[in-house]
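Chain lettering (A, B, C and D) follows the sequence in which the chains are written, and residue indices restart at 1 in each chain.
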Amino acid sequence: MPHPAATADPLIAAVNAGVEIYDLARTLRIGMPQSPNHPPYWHALPRRHGDMVRSDGGSAANDMISMGTHVGTHIDALAHVSQDGRLADGTDAREASVGGRFDRLGAHTIEPMVRPGVLLDVATALGSPQGLDGGYEITPANLEFTAEVQGTPIEAGDVVLIRSGWGRHFDDHATYVGTETGVPGVSEDGAVWLADHRPHAVGADTIAFERLKPGAGHGLLPAHRVLLVERGIYIIETMVLDDLAAAGVHRFTFVLSPLKLYGATGSPVRPLAVVSRG
Amino acid sequence: MPHPAATADPLIAAVNAGVEIYDLARTLRIGMPQSPNHPPYWHALPRRHGDMVRSDGGSAANDMISMGTHVGTHIDALAHVSQDGRLADGTDAREASVGGRFDRLGAHTIEPMVRPGVLLDVATALGSPQGLDGGYEITPANLEFTAEVQGTPIEAGDVVLIRSGWGRHFDDHATYVGTETGVPGVSEDGAVWLADHRPHAVGADTIAFERLKPGAGHGLLPAHRVLLVERGIYIIETMVLDDLAAAGVHRFTFVLSPLKLYGATGSPVRPLAVVSRG
Amino acid sequence: MPHPAATADPLIAAVNAGVEIYDLARTLRIGMPQSPNHPPYWHALPRRHGDMVRSDGGSAANDMISMGTHVGTHIDALAHVSQDGRLADGTDAREASVGGRFDRLGAHTIEPMVRPGVLLDVATALGSPQGLDGGYEITPANLEFTAEVQGTPIEAGDVVLIRSGWGRHFDDHATYVGTETGVPGVSEDGAVWLADHRPHAVGADTIAFERLKPGAGHGLLPAHRVLLVERGIYIIETMVLDDLAAAGVHRFTFVLSPLKLYGATGSPVRPLAVVSRG
Amino acid sequence: MPHPAATADPLIAAVNAGVEIYDLARTLRIGMPQSPNHPPYWHALPRRHGDMVRSDGGSAANDMISMGTHVGTHIDALAHVSQDGRLADGTDAREASVGGRFDRLGAHTIEPMVRPGVLLDVATALGSPQGLDGGYEITPANLEFTAEVQGTPIEAGDVVLIRSGWGRHFDDHATYVGTETGVPGVSEDGAVWLADHRPHAVGADTIAFERLKPGAGHGLLPAHRVLLVERGIYIIETMVLDDLAAAGVHRFTFVLSPLKLYGATGSPVRPLAVVSRG
């Protein structure tokens, strides 16, 4: 039985009518692939059941976590990247962190997202549903073509997710990180094309969102510059996009609620793609 | 202009029509109040802008985080609490963590939530909108009365949030933790009443969800036993519920997407209450 | 039987003849008293015995540690404090940490110490062997008097340890930290007196080495300025000096081997006072 | 001028006469080689100079550290390894850590060491001063031969350090860890030979002290079983022994003062070899 009041709120009505939730996040595990630039994810149980049992027979176990914020599926705050000493808002990048935190543009300033999302399944559109090659640069023409083939034009404010298919290498750490093989993705041109469509955020199924040339490492990241610094568009990395692609879901409600880590440069997240059930 | 395809999906249509998002999470800051049983939240910037500038003038700052999972606004996984050596699924609580993680009932098993939510603003219903007293036990009668006054009956599968008003003490750490003053909330009877309505999860604006008697500490937590162990209902703690209450929003779409921390006993979260705009 | 070759080395001969070792360090435990300015000590066992047993029946347990460096018994590197934007070597204090670490004057530059040590048991010399009052300022006259009474003049290069007796409050966290009560110790004048005797390092049984006025907190630390910045003398804090005092040992070989934490501002340590057995 | 009182204490006299200190520890740096079984060493500066300047122009910088205890140069506590469910003292290995720490046999129970030390420079004795091959097993005959050639018989209570020369690979992480190449060292037979000489502790310039076969990983560690579990002899790993060997110092006073990490399975350390000068 639906809530009597539910019909008054179209969102509740839609949720009550049934939704399918696609989980776009990797599981956070000790030893998962990541860039060596960041503190890796570690976890331990300081207290397990039986360590300290209360007088009534109850017991609580708990956790100790250590990690960077750019590990696992995560979002980059605008404070993450600077260019020529300036942040996205034009302020001095070095002064911005005096105090040991970014009071402006830090992760705590990322508003939660409940907004239209589009999957650009470039790998499938280009005839390689299993995934593009390492180092392949996704061009504006590729993006344009994918949006057309799918029938999913991008509107201002959308969250645009780009599937390269590279996620299939997640369990092969060296390949997923791509130091030798490179990683497919957009580069500067693709980033400009995306930015010109004024998305709220963009994401990909790779560790650095953008194309990495074989052997080049993370030394130069022009798409980060374009998106984070020049256009103020958030970047979401290490996403799981294969289930969404397999289901042929190209348009959905995108949900992302980053941890409000005061002054941090990013946050681990568990983004969702939600669709009404048929 | 709405998306052409959007109308096909009632959820996207509802989102496109405009939604209001209430952020129910505390900001994670060094020094925020928490129980001494858990590793506190700490943050530092290993790299600031200017520390290492790339050849093209770009620079990336990053983070190092250390924390427990039961700090700040967070959700308890079912693995968090055991009773008489058993977890919610009846398995041996001590054996369940062999390997250093809870393969079953860990935080990674908490499905993301996009479902109806109800705020029981008990403080306001009882005539103390600014908040109940330390140690006050919210009774089944109080809960029943609040639901009636608000016109918000609870349906199976709802997420039920209980506002005690204790959140006003958040910046006064000793009081918020409540070791001496106690903290208002439901106790065993209220937990049973809640559980009998079969909610998917429950939450509160206090550090331990349930009533703490003055001077009693966290020694005995009967509501945790009822909810987590006996009924398999998640508990969300340290929520921000005052904005929601001030706006008179008692029914909403509740969104929560915990980090997929493999084998952990809980996760920091940033839950949301979303409503269609008038 | 002594080693045949041992007699050739007077140090080995002295050690073989028998030494008594006084442990001058606090045990590192979760929850021990410390300043809230530093990440607290936390420990967990990621792996316990039985979590993963090898084919031959062997098993290894291990640890996960999170901490600041100025917690527990520790030594301050010269990089720890700056005055008017300068470090001890006159370099720009802000530039010195560009890169996220102090390449110069960091903890890794503290040479291990095996050198003469002197205990100035001021508390006993002043007739309060159980300990001085909170906020008491140990004056140059007090230091002079103690050295005389004990018959232990200070030589250049010595390590000088000052016992105030405040260590007796270690288990009473609020008092040991001394925010309200204050903490006894030298202040600027005493620091100058010490520095004029050209010790290699100084230490005390208190959390901040120097006198803290009741209610004043750690806001102003003139002795730190004098010793670390102006004179380049290391400071060791939160030492255990009561056993040494009770045994009447005022002169000894001081041993301290800080962790070589590259670029850090200090290191947890376990200093020793070693004496030949009678 | 020597201290007047110094001559009364042979140890102080020896120290005053001049000592040479050999530092046997690796610098702790982000990214140094280590086993993936342990949380890696990470460091950040939460506060740098200039972040918060006091009214008198003073400023303090500080640190945040995250690490395992078996990283860098470290000592294994007896609690680290169990065999067939038993620790060195015969107690149940699993029960020993109930409470989340090893109350018995933990790192806090390792007494500081100031005692005779012997370097067995096996690499040089066997004609390969630059170092033995990966996977080479140092046999009892090799140890016997080295002690004889050097003229350094082992006495009960000595600390015995074994130099394989593998330390030369420290900056080549993959080789130092030796997963593919193997690592030279003693195995079960050598461990028994050592144990039969009743040393207080043993150490080596390798990551796991004992011989690792190429491709075998850390799956089976018979020398750890013999030393830690069967004989109660501490193991020190990842030591720097090349300077000592180059100087031809085979006998010295060994100094090691582990952090008193309550209940931990090991401790990072900075061991020293100290000799009287000329």
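Heads up, the rule we're going with is that a residue touches a chain if its C-beta (ideal position, glycine included) is under 8 Å from a C-beta of that chain, and two chains touch if they have at least 3 such contacts.
Since we're looking at a predicted model, the values are computed, not measured.
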Could the interface between the copies chain C and chain D be described as same, meaning over half of its residue numbers are common to both, or is it different?
-> same
If you tally C-beta contacts across B-D and across B-C, the winner is B-C
Per the centroid of Cα atoms for each chain, what is the distance between chain B and chain C, given in Å?
-> 43
Averaging C-alpha coordinates per chain, one finds the centres of chain C and chain D separated by a number of Å equal to 23
Two or more other chains in contact with one residue: find those residues in chain D.
-> 30, 39, 42-48, 50, 64, 66, 100
What residues of chain D sit close enough to touch chain A in their complex?
-> 31, 36, 39-40, 42, 44-48, 50-52, 66, 98-100
Within their complex, state which residues of chain C touch chain D.
-> 1, 3, 5-6, 9-17, 19, 21, 23, 25-30, 37-39, 43-50, 54-70, 72, 79-85, 87, 93-94, 96-97, 100-102, 108, 111-112, 114-116, 151-153, 155, 219-222, 224-225, 251-253, 255-266, 268-272, 274-276
What part of chain A is in contact with chain C in the complex they form?
-> 30, 42-46, 48, 64, 66
